[in-house]
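Chain lettering (A, B, C and D) follows the sequence in which the chains are written, and residue indices restart at 1 in each chain.
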Amino acid sequence: MEAKLLQREKLSQLVDALLEDHEVVAPTSDLAYGQIRSGAELHLSDNKPTQSLKGFFFPPREVLFESRRTEDGLELVPSSSSDAPRVIVAARPCDVASLPVLDKLFGWDYQDSSYFQRRQRTTIISLACDPPPKDCFCVSLGGSPAGIEGSDLLLTPLRDAYHVLIITERGKALVEKYAQFFEESDEQHNQERARLEDEWRAQVTKEIDADRLREALDFDSGAWEMLAQQCVDCAICTFLCPTCHCFDIQDEGDNAHAIRLRLWDSCARQDFTEMAVHQPRPNHFSRYRQRLMHKFKYYPENFGRVLCVGCGRCIQYCPAGVDITKALERAVEQR
Amino acid sequence: MTQEGETVQTADTKEQEDGYEPKLVAFLCKWCSYAGADLAGGGRIKYPANVRIIRVPCSCRIDPKLVVKALERGADGVLVSGCHPGDCHYTEGNYYTRRRMLMLFKLLEFLGLDPKRVQMSWVSASEGPKWAQVVEEITEDIKSLGPIST
Amino acid sequence: MKEITKKIRKEARKLLKDGRADLVIGYEQGSDEEVATPCFITDVSQVDRLVFDEHCYHNLAKYLVGQEGYLTSRFVAQEKRPRVAIVATPATMRSIVGLIQEHQFARDKLIILGILDGTLVGIEPDVVVGQIEEDQEKSARIQAQVREIEEMTASERWAWWEEQFSRCIRCYACRQVCPFCYCEQCISDENQPQWIGKSSSPENNRTWNIIRALHLVGRCTDCGECDRVCPVDIPLSLLAVKMAGEVEEAFDYKAGADVDAKPALHSFRPDDPDDFIR
Amino acid sequence: MTRIGVFVCWCGSNIASTVDVEKVAELAADLPGVAYSTTYKYMCSDPGQKLIAEAIKEHDLDRAVVAACSPSLHEPTFRGCLENEGLNPYMLEIANIREQCSWVHTDRDEATEKALDLIAMAVAKVAHNAPLVAGSIPVTRRALIIGGGISGIQAAIDVGLAGYEAVIVEREPSIGGRMAQFDKTFPTLDCAACILTPKMVAVSRNPNIKIYTHAEVEEVTGYVGNYVAKIRLRARSVDADKCTGCGTCWQKCPKRVSSEFDQHLGMRKAIHIPFPQAVPRVPVIDRDNCLYFQRGKCRICETSCEVGAVDFEQEDEVIEEKFGAIIVATGFTTFDHSTYKEYGAGQLKDVITGLQFERMVNSSGPTGGRILRPSDGKEVNTVVFIACVGSRDRAKGVAYCSRLCCMYTAKHGLLFKEHNPDGQAYVFYMDIRAAGKNYEEFVRRAQEEFGVNYLRGRVSRIFEEDGQLVVRGADTLSGTQVEVKADLVVLATALIARDDAVDVARMLGIPYDENRLFTEGHPKLAPVETVTSGVFLTGACQAPKDIPDTVATASAASAKALALFSSDVLTGEPMVSCIDTSLCSGCFACQEVCPFGAIEAVEIRDAMTRENKEVAHVIESLCHGCGNCTVVCRAGAPNLAGFSHEQILAELLAV
């Protein structure tokens, strides 16, 4: 793969240049990615942003259409979404790796046009995790702290500069357009990058055996009830998860003006899947089971890959201190 | 995070000019304050037309959520009014209202809402003039504050 | 701390062995030494999983109540519910006081293995399993921050809170960890009528957070769990502490301090503060 | 979709002159759910109601908004109108565009905009209205009558005669009240005792009437048809069953006490009946003044009583009785003129009140009917009567006119002249208000036939000079200052609410006005009702009244009570609370805050889990519909019919 070098101080200059004809999204704090207006706003930290990238493709609140009462009756106005070019800078490789996973769902029997419009208008420059945070388990799921899946360019922080791996044509075009910021890489730098990646991979010790889970997870296992005990259905894991994608359709407003919305939802919620006279998942453990079964059994069965990229947020932010890798082990051991 | 389809509201500064007519929502118990407002009407006592009255059986039916909702939906001020302490038709409803509203007002103030925007009054069935005066004063208060900036 | 762990294990073992409890709710070590996690022991052989250390801050009262709480589960007939013993920090105990006041369960349904820190707790533990130190530094910090906000101008406060609430992603984790959020259905999940817009927008987030704070007035025992778990760092403890102060000042009432008292907003006094009313 | 009819009333020009009713009706037609909208000059009139009826049929309306006057006036009218057309009467909302719009605003555009808003709110609300059906409530057919004056006596007689039980609770040791203190009554000059005592005897003889004297109502709970009163029977220290009323005890009692009944112009004994015709004729020991109770010695009454009725050990007894209706007949007291410094602030002995004059002039009173100066007991030759003391005086007294003073002052002048035809009587007055049958004639008689001198003007000062009173005032008709040397001055003090009127009002849950007088249900149309159903007013506790008016209101109040008793069940309040048990988590906050004890715990089977759970349940017949439960519940499980969460929120969102 072709590679370049980007001097450390030039990253923010590159962002400033990109801002001339792009929206730019980057980590703005330890909490989240956000749209930035200058390279100085880039927030590069050892901590992975609390919230993943998914909201920039699958917004937590998306207006589908508006209705207005006019003299002629009810008027429906479909919502329009922007197609301005956008660059995401310093995205975590795991967040980016979730996008091909989500593509499968949003491009399944129904093509979600607004999702793909956002995918289409976005170029992604990832930044390798140096060092990988302690709760990550991306490696066991085929990812890496310096993974490239989904990215157009991957930045790897070397001792003196960013190593820039050109992954896609789109990435290549960007590098060419902004050639003044980049330098040629050399074998020494390429090797350093490879060595660092190996080092980081070795630091990721938590793991999940996805193949075994796919076989062994059992809907009827007696272990679920016990496993679910600590969980308080808080839904943080699903909201922070880069791959969880359940949504709800809701209306807000009144007779005169209302909007129909698509909102993030969570299988942890008590009213999730609740229907007028029936709730197929009435109790807590059945909701808990659904989350794990969906991620590691149903999704792989439907789409050929697990609904997880090993970002570790669900472990890091779980109010009850639940470790999904341990819970899954117990789910298959104690059935 | 910026999402498509999201509208960001800004304070309409133009409204702050002289022509600004605030919207005031008032929740009145039907035994005292609503009857007091009727009495003001009977006495042809004039007061500003900014107020919209919602009639409830007792001030204790006024859910603090309603006040919050009124503000959310663009009311510039909210008034809660009931019988004087000890005069409640249901003997003690207004005492509960008093506790609830004090807490609501304290919370809203802590969140940065000017205390003049949410007020409470005791207006009895015989206090038509007081009712008119309360509306007059609150309308003035809110006019001087201008719209809530969101 | 080691002593406390020992004492907890000893008491738990006794309770399970004597058949006085079917379930001990406590803490165990999580995936590493810096993580503790609630655990649920039903068998004497498992008692040694129980630990107590500085990572054991979760408010375990949460597990007692609600649709599937051990003492209130709608899925389990009254007579089949377990006899529960619970390892309770002072914060957990204060919540238990509130839950008893609100008739969620009777005092005798629960065996409390209490850990005290000198702060006021309106209930006697069945067994005191240890003594810890009060985190005065934390409460001083929150108090200071409350005062700081109080000193801002109204419009500064408004802007400051709008900024905080703007981050809310409406995950409702604050609600889920709160022992007092045991409603069958939260008002925020209600569609008819819809009190709170479901989506994350400035108005909806503000309304949600105001209503949540209001519903906890006079009940919240300031365990700080909502603040701790909020993934977007909304300083919910400030609201809790501020309102607890107001309740105490106006009504001379402290949540969690008296199991026989009526909750502040379920009662009144004819001479309550009146000077804010026209 | 709902089919709402909007009916905008002009109320003649009352609404139409300030609100563009046609425009409002036109715009209201476009509101969501509105199927028809129109205006009419007087919607409450027969043709107006007919118009609504026709519209309901023609446009297949299922609910209505009437934009007119306050719901307190015509809500029942229009509900009836809906009911006649087969709709549920509660499918109606009133938009109050008169009292709360056209009458209080002047700008036509503003008022029109507001009227439309009010209608939009009512439309939004009515869309959520649901048919309501009232339950039924059993009725205890007994009346509690608080106060045993002429008012309470008349009410008891009326209830008793109709065959229902009445219970009089009187604070004093005897019934009779103020009227028993009067000498003669205007304008007929009947002796008060002569017409009152037969009534007192009648109540005491009627088997349907029970009298508790020396007793007070301490607490009232319950609701219409089902009140429970706690009555404290204060210890008389005399066993009423044994006492024969022979009078030996009070003759023998050595302790003399200033008599309240005689307005402190005379004395009574520590064991006493307040006046000779007292009913019951059973004495009471005034323990504060009794030698035995104070010093442990004496017991003369006990030893002198042949039947052994005196019982020093007797204690207060608190009884509980059930009633269907309560008639409040607590009467009045008189204004304390000590605030009138210019009249001697109550310090001049020969300045007395009209009520004191009544006792003085009464032949069984402290002076045996002779008009004497209290200071020295000398015959009175010149007397000055001053009207409006405390009445019509916003600064020192009450703003209202006490209505009776003109009449009783004329009576007093006349009685004085009757006693002392050579004496001089002067009356200082502001206006003479003698509206009543034969009243004006009576005043004329006093002036013309008996020669009472009427001076129109205020008295500015009364002072003592040479052992006589000097009354200085203005005669505005002649425009001169006058000074009258008088032996006696009689002040016509205002009739005011009793000191504890507010406590009574709170106990009964009825409102009172700024003068602490009890507020009637409607000043014109419900003069003896209160807003609390089953509680009625009679006599001067509502406003000053003379005897004929008092008796009339007593009969009116008893007629209202009897109407309640005409059936053994009542139609209940349909606007009551109801708990959605699926939302209830059994915290029972609603039970804690319910002022009426209307919430109980019940066990239900959860629809989803099939297990039992304990939830709150509203006892409809006890619910008054205040809505406290709906607010205290965080989950919104209780909902109030007529003012539901949905209705109020819809109304708010339409603002």
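Convention: a residue touches a chain if its C-beta (ideal position, glycine included) is under 8 Å from a C-beta of that chain, and two chains touch if they have at least 3 such contacts.
Here the structure is a predicted model, which means the values were calculated and not measured.
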Quick one: most central chain, C-alpha centroids? B
One chain pair leads in contact pairs, namely B-D
Centroid spacing, where centroids are CA-atom means, of chain A and chain C in whole angstrom: 32
Let me have the rounded angstrom distance from the C-alpha centre of chain A over to the C-alpha centre of chain B, please. 46
Cα-centroid distance, chain C relative to chain D, in whole angstrom: 51
Residue list for chain D, restricted to those that touch at least two other chains: 593, 608-609, 632, 645, 649, 653
Among the residues of chain A, which are close enough to touch at least two other chains? 32, 51, 60-61, 282
Show the residues in chain B shared as contacts by 2 or more other chains, in ascending order. 6, 64, 69, 86, 92, 96, 100
For the complex, which residues does chain A have touching chain C? 31-32, 50-51, 60-61, 134, 206, 226, 229-230, 232-236, 239-240, 248, 250, 252, 261, 263-264, 266, 269-271, 282-284, 315, 317, 319-323, 325-326
Seen from chain B, its contact residues with chain D in the complex are 23, 25, 30-32, 34-35, 37-38, 40-42, 44-47, 49, 52-58, 60-64, 66, 69-70, 73, 75, 83, 86-93, 96, 100, 124-126, 132
Contact set on chain D toward chain B in their complex: 70-72, 96, 98-101, 103-107, 110-111, 113-114, 117-118, 121, 502, 505-506, 509, 511-514, 519, 531-532, 575, 593, 595-596, 624-628, 630-632, 640, 642-643, 645, 648-649, 651-653, 655
Residue ranges of chain C in contact with chain A within the complex: 30-32, 35-40, 55, 58, 62-63, 67-68, 75, 167, 169-173, 176-177, 185, 189, 191, 194, 197-201, 204, 225, 228-229, 231-233
Contact residues on chain D for chain A in the complex? 30, 32, 124, 608-609, 653-654
